[in-house]
Amino acid sequence: MEAAILLQQVANGLVIGSIYAMVALGLTLIFGILHIGNFAHGQLYMLGAFATYWLVSLWGWNIWSSMFVAMGLMALLGMVLERIAFRPVRSAPHINGLIVALGLFIALENIAFILWGGDERTLPSPYATKMITLLSISLTIQRLLVFAVSILLIFLLYLFIQKTKMGKAIRAVAQDPEVARLMGIPIHRVSSTVFAVSSALAAAAGAMVGPIFCVFPSMGLIPILKAFVVIVLGGMGSIPGAIFGGFILGVAESLGAGYISSEYKDAFAFAALILVLMVRPTGLFGKE
Amino acid sequence: MKETSRKTSGVFWAILALLILLPFFLSKAYLHLAVIIGVHAILALSLGMVVGFVGQLSLCHAGFYGIGAYTSALLTFSHWPFWLALPAAGIISGLFGLLIGLPALKTRGIYFAITTLSFGVIMNIMLNNWVSLTNGPDGLSGLALPDPIPLWAKTSISFNTPRNYYFLVGVFLLFTIFVCRRLLDSRVGRAFRGVRDNEVLAECLGIRALRYKLTAFTIGAIFAGLAGSLYAHYLRYICPRDFSFAESFDLLVMVVVGGAQTILGPIVGALFILALPKFFGFEPVYGRVAFGIILVVVMIYMPRGIVGSFQKGFPSPKGGAHGPS
Amino acid sequence: MALLELEEVSKFFGGLAAVSDLNFSLSDRKEILGLIGPNGAGKTTVFNLITGLLKPSRGKIRFQGSEIGGQKPYRLCEMGIGRTFQATSLFFEETILNNMLIARHSRMKSGIWGAVAIPPSTAREEREAVDQCLEILGKVGLVSKANALPHSLTNMEQRLLMIAMGLATQPSLLLLDEPSAGMRPAESSSLMNLVGQIREWGIKVILIEHDMKVVMNTCDRIVVLNFGRKIAEGTPEEIRAHPRVIEAYLGRRAGAAR
Amino acid sequence: MSKAKQTCFYFCWAFFFGLICSPADLLAQTSAGKGIKFGVSATLTGPASYLGWHDKNGTTLAAEEINERGGINLKGEKHKLELEFFDNETKPAKAVEGMRMFADKGTHVCAGPQLTPLVYAVMKFNEELKVLFGSYNTTPEVYEQGNKLILSATMNQKWSIGLAAYTAAKVLNLKKAALLVDTTGYGRAVEKHFTMNFKKFGGEVIDVEWYELKSTDFYPQLTRLKAKNPETLMFGGMSAEAVILIRQSREILGKKVLLIGSDYFKMEQLKKAGLEVSENTMIPLSGFHIIDSPARQSFYKKFQDRFGAEAETYGACAHDEVLWISRAMEIAGTNKDAFKIRDAADQAMRELEAQGLLIGGAHGGFLPNGQAKKYYIGTNILRGGKLERLKMITDLKEIGLE
């Protein structure tokens, strides 16, 4: 019995962790390029979920095609935001970037509230209620899909970063923008690409959790906070850091709530972060 | 610095006169707003010491604000006079500042920001869940007003009207400004700015960066605590919601939008942010959208904040408000 | 007793050695020690080791007889080691005078209380500090610009200010990292006169310099580094004649486009 | 430098000036014109903006309802009712500012604030400002502060949670209960009252799990609960989480466990979660949903047509507050003397109930502490896709509670 509970808790943690990882990946990519703590990222997650919701419920598309379209739309929005809001402040102090992101966060959330009201909507999905049980772990198929899809997307992103020319350029800029510019890498193209990719990831995360959780304007806050914890935990700008950080945080929370106290569930994430930073001031995978 | 401070004093006195006249033709509701703005001006200034003076992006300031408020609330509940509880609040949250700053300041830049954010969230969860001490989310109700200050015979200054409280907060705001000003013009202040602008150079010139960061962080916490006490005994009710990390972000916005590296900046920021909703009273939700967009625009066109952008002659700062990265 | 001694000092970054088994010392005689070598020879690394920005992987560094390897920079500054950087590094938001006053930090006492209450002692301290800073600025010829901002200075003047700030810390040993970088010959020679004066004030100087002519004319003694190792040490004449220097250093310089 | 400071100074001055001039209501003034002002202090922005939206719409419909009937009749002459909204941003200090704002403008009646912290904050000031306000806050403690100018337009948790505990223990004979509540004041009160009463009726609470507001994943808590296999699970949270709570509980705990919704759960949310999923869920419902009066239907329909969303309990109670206090003004014959209006409130509520105009929770006159003497409140269980009435009371004594 105990073992079964433990397995179940770990599984819960991994599913949530995969969502954290998806959001955090985009965040860490953006930070690597622009050194901006992009709070607005959470709203792309929210808008991605809403886009999917409308495509499914209004036009009756199936969840997959809706998800891809939503990812495309959010990629565009991400590029637009980068162009009009973030590019102008890239040479300013980083804190300005943070305030800009906060401004966008507030604006986008309230726009969503004006357009669609505050009440929760459930995104219909054929996989939402079907349960499957393997070695005493029981999850809905949707949750398994969340996990699977995030692994897939993370893998694709990895290929993109490692193999493609643009991926190399992104790594170069993250290494040293000045040198990269001298080497003739188009910084602006790189940063807008990064925004597109990250926003698409966030949208995917939103679309995948829509059926499990609800879709509402303020749904972006908690994930973005946790994503910040994740990327700092893993080390700013570090892609493996974001991935492992996400899963570590998810499991830690789930075990903390399951075995210590659910009253302080949200405190564990932050306490864990502080402890890690005391030992490694630049996170698990961050370079000194 | 010296002679510039003498020049500005004229301006300073003019504004002061304006502020003293203000409450005599403001309605009750706006006096209330003015008091709240005053408290937040103190808060923003104290955060400015951390963000503006030593360039450390702290996100747990509302936590210190809350600790100050709860300290003085609980002390007055156990029959301390307000005038003792007030400094006690400052000292206690100063201690917390020291305890949190010591480990947190080992990290840099965004790491420091998120570390402090974590501390802020944890402090808030404590306030919310430690029901036996803080009465949890319902907060502490029925706080005492500050005890009247006896003058002579029977007359005394009492603080039961918003106007009198306005002046009480005003005095503390002036005190805060005075301390900031004196700090900035001193050896300590120069060390602060040295650490902010180029930490490596500063250390090679014999400045103990960590010590001065910690000093600024602690002083900031102390003044946040005082502000918390003032707020608590004005509203006579406090609840954890007032001290959430969202409040920390609001304070940060005030500081940066106003102009982090100036003294006037955070005050103007507090005024700007808190007065803004008044201009969107007809449709608050649209007001929030406008607010968000205003933040973006100000940051793009006034990178040094509203006040900072009036100071000519500086090159646009590179490398980030949190030191060289 | 030697003022500064390096004994078998090595510094490794990951695998490769930036400095290995370096030995040299600085006596109490008034002198300017030149530290030369081709790019990437590890000259600046040596400075960073001496000023505590880096911790030596092996070996001992002694200053006035006491071990200082891995001490914090501010401690070393208080002990009397001043330095300038190769890249222009100033507090660009501050006036020249404030830059000097910040550099003066370690020689002043007043703390929070002094700052807020300004007791007479603090006021006096401030006055004295300002006077001394202006005096130093006078020596380097920047006193007229005391209230200007650094970015209004020429490259030459900025470099002078860096040296002035180094002097403001009241060092007994001053490390100058390519002070004449990017200067015209006339400027650099006048700069070297200043360095000469600094020696006369009884401050030892270690000088990193690319321009051979300058080095030969200024320095009393020269240490030549190549790939982190000392390949020669001696008076300018000896160095000029030293075969390995000619081969390793001069040969390269001839090759290098300058 | 000094010139820059000069400009700064002008900037500030201009700002003060703007602050002073631009909002017309700055200088103290009494309400001019023949319309009667009625304040609404709502959380239009901030974390609880969702509630504020419902308050705004509910009160708007109430005002229209009154004005359609020709407005308010004060001493023979009719006045239109004009709502003035104040956004309290879900902040206590703002809520107090709102009260002062109303008082400055000579508005001495208002609906809201509703959230517990905000109510506590304004209760320090509303008596000295002479502002009577209605609140649909369900925390009993709020009304036990002895404030003379607060009216409760809904039942409180003593009733709903008490009845839920009674039904679970006595009607359905369940002995082992668990709770999953949020860490807000509301959730904590649910925890307190349910545990207290469930014990009293002979059951035991075997586990309590918590979650932060706005949480969306309850698997860890539910997995932990599962290990202790309870017979029933009581929720204490806002309607926001209702759907996910029900679904995830079913996913982890299975179909047999009886779920008990907090008093904000409604049929709509059970539908959203899916009827087969919500099967065997019990919800305590207040008057709004029990007495399907014409008034309720028309309100419901209007709300749907005008605002394109389901009416929630919040909006209905806010609607009642406006109706109730307006009628009290008519009886007292004044819109200034808050205490007179308050004394008329008892009779006002009886009349409204007789006319069947109330659609929120409160009915039948009220006690000295500002709470209704009588509620229609029942517990209903979802069986075979339909809500079945389990127990219905109009007085706590019926189930042996005070």
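A, B, C and D are the chain letters, set down in written order, and residue numbers restart from 1 in every chain.
Operating definition for what follows: a contact is a pair of C-beta atoms (placed from the backbone, for glycine too) under 8 Å apart; a residue touches a chain by one contact, two chains touch by 3 or more.
None of these values were measured; they are calculated from a predicted model.
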Statement: Every chain in contact with both chain C and chain D is listed here as B
Statement: Greatest centre-to-centre gap (Cα means) from chain B is with chain C
Field: Chain whose Cα mean lies nearest the overall Cα mean
entry: B
- prompt: Considering B-D alongside A-D, which chain pair is linked by more C-beta pairs in contact?
  reply: B-D
Task: State, to the nearest whole Å, the distance from the C-alpha centre of chain B to the C-alpha centre of chain D.
output: 34
Query: How big is the gap, in whole Å, between where the Cα atoms of chain A centre and where those of chain C centre?
result: 48
- prompt: Where the CA atoms of chain A average out and where those of chain B average out, how many Å apart are those spots?
  reply: 32
- line: Where chain A touches two or more other chains at once, the residues are 110, 113, 263, 266
In chain D, residues with contacts to at least two other chains: 45, 47, 49, 183, 212
Query: Multi-chain contacts in chain B: which residues touch at least two other chains?
result: 125, 129, 285, 288, 313, 317
All chain pairs that touch each other: A-B, A-D, B-C, B-D
- prompt: chain B touches which residues of chain D in the complex?
  reply: 1-9, 11-13, 15-16, 19-20, 22-23, 25-29, 44-45, 47, 49, 86-87, 89-93, 96-98, 100-101, 103-104, 116-117, 120-121, 123-124, 139, 141, 145, 183-185, 188, 212
Message: Which residues of chain B touch chain D once you look at their complex with the stated criterion?
response: 4, 7-8, 11, 14-15, 18, 22, 25-30, 32-33, 36, 125, 128-129, 131, 136-139, 141-142, 162, 231, 235-239, 241-242, 246, 264, 268, 271-272, 275, 277-279, 281, 284-285, 287-288, 306-307, 310-313
Query: Touching chain C in the complex: which residues of chain B?
result: 1, 178-179, 182-183, 185-191, 193-194, 197-198, 200-209, 215, 219, 261, 313-315, 317
- prompt: For chain D, which residues are in contact with chain A within the complex?
  reply: 45, 47, 49-50, 53, 183, 209-212, 214-217, 219-221, 223-224, 226-227, 240, 243-244, 247, 251-252, 272-274, 277, 307-310
- request: Could you please specify the touching residues of chain A with respect to chain D in the complex?
  value: 1, 5, 8-9, 12-13, 15-16, 110, 113, 117-120, 122, 128-129, 131, 138-140, 209, 212-214, 216, 218-219, 221-222, 253-255, 257-259, 261-263, 265-266
